């Protein structure tokens, strides 16, 4: 009988328990690079709309690892060979696939950490960890980069039906309370298989896949693209842009050291050395919130007005408009703004817009493959003409503008 | 048909929906004093042990209001008269009952905001809001203070079976994933009634009450008094004490303005004027985390060592000891610490202890009253000799010490 | 304080509790006509495929009444006027809307109780009860027949988004474990409203309606039209046909008195007097199972072979075929059957086929109306071109044949 | 890649899926002896009180097998050796441990199948199946009889914390909707281990064990010993006794052949040959219900009165009384009965009583063993003086009497 102490188990409201399957994974989880994910919310500002959506990227990453364990179990049950090394690499890669996320990723990527995508930063973290752990992450990195010959391994990590989506759709639906977005991950995983080293779904799983795509689309409209939270995110990116602008003008804004670093420096992809990475690793939601709270009293009207809007949840009005009306509506509200708020410059900090895109299934990406009873492989869209999936592959665009509620009342 | 816009509904993963029943309540929720609760976690540092426990005091307060709506519905169904005014006052009082919590309340109350209990601060907030809302909270405050003649109203807000407990036990169990702590709040509320203006539970509800008390005790041992998270909390109070000590010695620690205010000033109950309250209202989890992240690089060894322990989750070892061994164990590990960490003074920042108390039912407090079929009222403990509840009223004490794991390995 | 005894509450694994809102409803539930529904499974033979699907028509009827209470609550909250009398009539009508179901309704309606639909029998029961309860069901019957001027009342009882569907989709999904079919009834009901006495759904509820239709279609393919259980049902109707045939030939089959009555008599709609109704009211699943168990040892080979197939779950093979192949496949397997089972006549008792139809939304029926923010009413299909609902209104047909597995192995 | 067809999976509303782990198990499940369990409800007449409690012994047996798979997985993870043969034997034994149950077991065992316990009949079925399956069940039978040297195997099947209880408490709580009785089976199983071939629970699992025992006691009071359903069961045993009495007097009661067999014959344990077993195997809930429905119109007043009481749910009043009052109360109500119902003989068919016993933990049975961190084994009751478990080991008795409601109204 082995000591039960070696059996590391974490509670999860969704799955009950998550088991950490190996010492190396335990050590990676313990690393400060990974622990920081405890302080980064998975859904960013969505909790302003869905107060339950406070779950972290830390928990999501563990959930993905749990889903991957299920997948390995199902595939082995179906006699798909997966070596011990491949198995561990899968767990490492899925655990770390999102480690490059900063706080409020989308807002950051459009303001102070431009020109580098979070997946690239994930890879930088993995490589730094690989050095520290003496090469034990090499196979995981190989798979993550798409260089490993057995394609289903990367497909389990990153594809239109990967373990990332299996967890995040379920988790985000669970915590936000948007029950329509719930997917039956366990059943979906039960349906996967591997044919010629490519990930497939058995034919009888086609309803589950359809349900999964419908749920994904719903989660986009109701959560990820919820206009109020998208508006809040845009607001935050405006704040960060303004803060950077002021900093570069020499204004000394109160901020944590890590945040200051990114306000003061224009970091490009090529600049992402170890020092930058370590500064990035110190950044989380707390830095942003603390800054916003201080900035709401700043003398710069743009900075204080916008910061207060988030801190005290006096969010801007978000209005859907037709594509054609976008420009005219923007200028209409900017004029209003000029009067009511007595702002002259910087009007596009107060009135702004953007577009939303929702596409549940991407025809151009690696498809979801159905493995038929006749042992053929077909794209899920073609699997049967009675499934109304094609409509789900059409991207839908919506346009919106944001402006302070106060100017509207009198408009 | 009324515009659906007036029907304010929030999602809740536990109850499905929470309805905001009146405009005044909506306005109170929108107030910055209340919005700040979005940034204060209900279970403080427990998420270091239970990664799902990220839910906020904001959501809990809404949940309590929801439970109160159920209670009013059940009581009215049973022909208990509750006026419109009393109803609204109940919702206000329960919504705001915890508004006086700061971040990591317990650690704060033992370090930088001593001598004043969060319930007293709640009352200060309520009074400030009452002024702002022109007296509309007066009845709620009257009830909250225990001055209103109909006792069941305050019992619904604060007693051994109040709507606060109905929500927090359920919510904390749900988010932490400690399923044993789950209580059936809906059924419990179904069982309440009022007799002579006093809250009672119908006799057939006795199993549910028992289950509730057992669940409460389990939640204490497994969550609220989990030794790792209690140890972390103690660590945090040590950090804040140290920070205050250094500040008073003239060291300028990086901190948000709000946090600085409380490090620099010894605030007593009598000092809690509007300015203090407004500073307090700016304080939340983000200030603490941002400070800790900065302080982990400070030159003061105590401050940096302890701050890093929380930020990077290198928590201290927490060991249960017998009451008699407490002193000797503390001094044994302090000696060890002196050697290993090369610390001479300030040893009680590195090795410290405390006691835990668990008492599911307090015999000295207002009891849970069972209303029998013979229309008698008896204490739930006496309701039947076949219920093993008496054991639950015995307080249980445990003693523990904390010390850095590093000194142990070589010890 | 009213005696809690008057508060009738039933447990429900799905909703927690179901409250019986009035004495008349309690008395109707207590009536033997209604109590018999305890012995009739909601999903008939589906439990042969989904072993959890053992729930009864009794529980479903109560669940519908519960959903209706929610609907009334929501509509009144939105200032839709519903009188006390209309409210009670709604509960009565939904409670009794399915009371005319016999055991394994579909199989019965295709064999021994032909030419009369269960809704017609429901009405007969309601009228008999109305007599007994001295006219108290008159308004309910008026609404049920569609004669009442306020159309939304009948729409709540019978339409493409009625309370019947709200409960049965949720309940059948829950008990069968086909989680994909789960619908968020509470949210859907939250979205309904009434405009000019017609039931509408608010625009923001459009995703929920879409999800509801998708779930409905999935439940059809995976549960109601699951080929194995549809095959079993067809088998049962063959057995009952054979039993009737033998009885009319003078063979005295063991059967309960109630079942004998329907084997011996050709009951037409016009014949459904009180005596017939009372015999019908004695019939439930137990009569059928007891008969099948006895008949499996009967000397008539058809009767014994088919009865044993259901009792011992040696179900026939069910094969999907193209419409064009249907005839030729049937005759192919009938030939096989002749050899293997040594049957000459009665071949269509051993090899038979049918077609399945699935249509999530019926364009020809009363539509689901969306009430837009501009206060227009449009069919949900037209509500937006980005919703891929149109595909769901296309009926899909599948053809299948059934034959004993034993003939296949050697075929 | 293996054909997915060999992967037999069943839906379960509680666990999601149940996998059938081997061909032999599949064949046993397909056997008519096992299929009959589909027609026997797990909780007998409890559905008269809890309308959701319609689940069958079939589903429970599959659930136990599922729990056993979890247990094997956990134990092997902890390096407990379990051979392939032992594993399969465990699954067989737990699958078949309850196969000897007849319909409404308790009522039957007190009326028409006296003197033989259902576990003995289970063994008879296993032995018959072992013959049919050429000895493949021998090891399972060995373990089931308690003859196998490794004690933890039988403890997993039958002890105070066996896989039977893991499933039935959870399942019965789930379907009845008595949420207080829910146990966290997954967590409990996570805590088991084996020491010296004896089943133990790790020390940290002590709260879960406590919760399990409390839940068990609650399920007894609220479900298994619910006075209304116990009263109904007693009523049924009276009916069956009367039917046997009449049959032995030469009255020819309508009944299925299988039921007739047991009414006509006094079957003792020694008589249980293959013929008796096969007759027993034909008996299920349907025979009883069909008989009751016919008997409610019989000329024997006792038989018709009591049968109608169950069929139409006009259940007797059940009244708790003190032990001392039992005799006098019985005679008081029998006198009443004589007058009101005009019965002279057979009074104890109309007014009768019994006692209930509830004991959550049996001190005389094989204990639940806690394995401490110091590697000691202690009885859970002794594991710590702070756990109020001792009270749970005290048996509690209640006495009750039943009589027709009609006589009470005028009493």
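Going by the order they are written in, the chains are A, B, C and D; count residues from 1 in each one.
Rule of thumb we're sticking to: a residue touches a chain if its C-beta (ideal position, glycine included) is under 8 Å from a C-beta of that chain, and two chains touch if they have at least 3 such contacts.
What you are looking at is a predicted structure, and each value in this text was computed from that prediction instead of being measured.
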Given chain A and chain B, the chains that contact each of them: C, D
Far-end chain from chain B, centres as C-alpha averages: C
Averaged-CA centre spacing for the pair chain C and chain A, given as whole angstrom: 44
CA centroid of chain C to CA centroid of chain D, Å: 31
Chain centre separation in whole Å, for chain D relative to chain A (CA means): 50
Contacts with two or more other chains, residues of chain C listed in rising order: 16-17, 179, 187
Contact graph of the chains (line, ring, star, complete, other): complete
Touching residues (chain side chain D, partner chain A) in the complex: 1-2, 4, 7, 9, 16-17, 77-80, 186-187, 190, 193-195, 202, 204
Residues of chain A that touch chain B when the two form their complex: 10-13, 16, 30, 32, 35, 38-39, 41, 47-48, 50-52, 54-56, 58-59, 62, 174-179, 254, 256-258, 282, 284-290, 293-294, 311-313
Chain C contact footprint on chain A (complex, rising order): 179-180, 182, 184, 187, 207-208, 210-211, 214-215, 218, 221-222, 386, 388, 390-392, 394, 396
